[in-house]
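Each chain gets a letter, A, B and C, in the order it is written, and its residues are counted from 1.
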Amino acid sequence: MVMLRWLVWREVVLAWRRKSDVLSMLAFFAIIASLFPLGMDPDTRLLRTIASGVLWVSALLASLLGLGRLFAGDYADGTLEQMLITPQPLLLIVAGKIFAQWLVTGIPLMLISPLLALQFGLPSDGVRMIAVSLLVGIPVLNLVGAVGASLTLGIRGGGAIVALIVLPLCVPVLVFGAGGNVPLVGAVLALTMVFAPWAAAAGLKISVE
Amino acid sequence: MSNWYKYASPVHLHPLASRLIPWFAIPAAILLIAGLYVGLVLAPTDFQQGDVYRVLFIHVPAAWIGMFLYILMAVYAAIGWAYNARASSMMASSLSITGALFTFLALLTGALWGKPTWGTWWAWDARTTSTLILLFLYIGFIALQSAIDDPRRADRAGAVLALVGVINVPIIYFSVQWWNTLHQGATIRIASGTTTIATPMLVAWLIMSAACWLYSVAVVLSRLCCIIEDREQLEATQ
Amino acid sequence: MLETTHLKCVRGNRTIFRDVSFAVRPGDCFRLTGPNGSGKTSLLRMLCGLLAPASGSIRWHGASIESLGEEYFSAITYLGHRPGIKDELTALENLRVWCGLSGIELSHHTAASALERIGLGERMNLPARFLSEGERRRAAIARVLVRQSPLWLLDEVLTSLDRTAVEAFQSLIEDHLEGGGMAIVATHQDLQLSAGRSQRIELAA
């Protein structure tokens, strides 16, 4: 489809030309994950137990950070309202944007997670489990995050409000992902893919009014 | 039937709401006094739990009210959004605060009950954790609405969030249950306990439940009136 | 034909304007005037479908624009206050992306000639952040050239444009009107259009 192709191209090129947005998010991921061992006794057995949870929470927080680039930039320079009045279905545009967000932020997060998992002394199947659960789970974070981002465009309190809205809704994917149950994560993903783009599109229309 | 539609306008709703408040507030006060008397004085000391169980007279109704009001809030918010009915959205905003307070009360009384009973103020069991997340959902809704200056945008944004939240609630509950069974460790089972409940206890529990429900209706209506006055005043000055 | 009846705009708790009615027919150009805060931008956004009126209706060929949805959107081109240009993309890329988002595949060649026509010939391959405000406006104006939609909704597009650009743009509008197009323009500056039918909508504060 012409529109989706151009939309994804646009998002990827914009992210590429402003790499600092994505890179700082990845650095944030790494730093947060490293803070946990620093805050406690870095005993290997202990680290292995908390690895999954820590990496998942860190990925969650990093995704939250990355939400700032999803709609806010377009909202500020007027491109978002142009998107709302194109003769293309808004739902598709929103879905495309979320997909591009995942491409640009989610995949890199997932790719560096094995490196961080090694820091926690996980054996290879532990590492694989985390990578797979993040692979299936990070899209959920992007989807739910998009709903939060769409509702909070241009309001004060910025990042904290988005976090308050998005984090409770991410509890299921966090619980299933960190618990290693990939099929359940997949189920949550399937459900979220149905509702989130619609809610985010509604949120955009409300925020742009 | 068409007469009811006029109450969709806040201007007409206000007098109705303020007239209804005493009908709920006074019985609530009476039942509260009666319930406290029965619960604290008449009901016997429990064999297993001592006197602490009396906290449950507030804890259980508070938890139920917290959950129910969230769903009700989502319904009112959705109606307010779909039909552009401001009064409905104002009702949702009023419900959100009462719901949050009752949820917090449930957590607080739960902790008060938990310390003597389990030895710890907080236990990460499924029910407590779900209630905590419900409180966060409420806080998110309230924070979102207070951060948005335009009242209509706040109403609609809240509606989207409430709907997303309400769909998530069963999923969250299921996931927390699953999480709890996964990490058995300190499994603390709430002793659904005493096989026969002494009549005074049951009576106290029923009276206190009724008191809490009536109180919440009264306080929601009262806050609704404040919200209406607030918004109408805003409009008058513009 | 665009027709509005008794439009009322409420923002926050303030009524910005009420009872605005007019009809735009092919060849019409309406100039939207009024003091700051009188709702010119709000009215244009209502006509775009971005903002819902508190009361009143907007009809395109007899059908309400809410019911038409995407069909109506394909008939309008809106140039808003903020040009809608991404800093990191070149003027050329901005134009092609904008068309792409409307579902139109715009060739490099067509985009380039449109940009040349409005005077961005040499600078079209620079990232937009190196362009002046006026040049970014021109990059946005190029959209009306490539999209050819019947109704143009223009909000203060003449700001930051120099005289040659203003004249060029005025001739663009004239060509459009002559071809049966319609335009609603919010502007402080006077539009000198030779094609007779230029009317005014004055929004009182």
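Here, a residue touches a chain if its C-beta (ideal position, glycine included) is under 8 Å from a C-beta of that chain, and two chains touch if they have at least 3 such contacts.
Keep in mind that this is a model prediction, so the values were computed, not measured.
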Which chain has its C-alpha centroid at the greatest distance from the C-alpha centroid of chain A? C
Central chain (distance from its CA mean to the mean of all protein CA atoms): A
Cα centroid separation, chain B vs chain C, in Å, comes to 49
For chain A and chain B, let me know how many angstrom lie between their CA-based centres, rounded off. 32
Distance between chain centroids, defined by C-alpha means - chain A, chain C (Å): 35
Give me the residues of chain B that touch two or more other chains. 149
Touching two or more other chains - residues of chain A: 209
Sort out for me which residues of chain A touch chain B in the complex. 147, 151-152, 155-157, 160-161, 164-165, 167-169, 171-172, 175-176, 179, 181, 184, 188, 191, 195-196, 199, 202-203, 206-207, 209
Using the touch definition from the top, list the residues of chain A that touch chain C in their complex. 1-3, 5-7, 9-10, 13-14, 17-18, 76-79, 81-89, 93, 208-209
Quick one: in the complex, what on chain C touches chain B? 11-15
Can you name the residues of chain B that touch chain A in the complex? 133, 136-137, 139-140, 143-144, 147-149, 153, 156-157, 160-161, 163-165, 167-168, 171-172, 174-176, 178-179, 182
Chain A contact footprint on chain C (complex, rising order): 45, 48-52, 70-71, 73-74, 76, 78, 80-89, 93, 96-105, 127
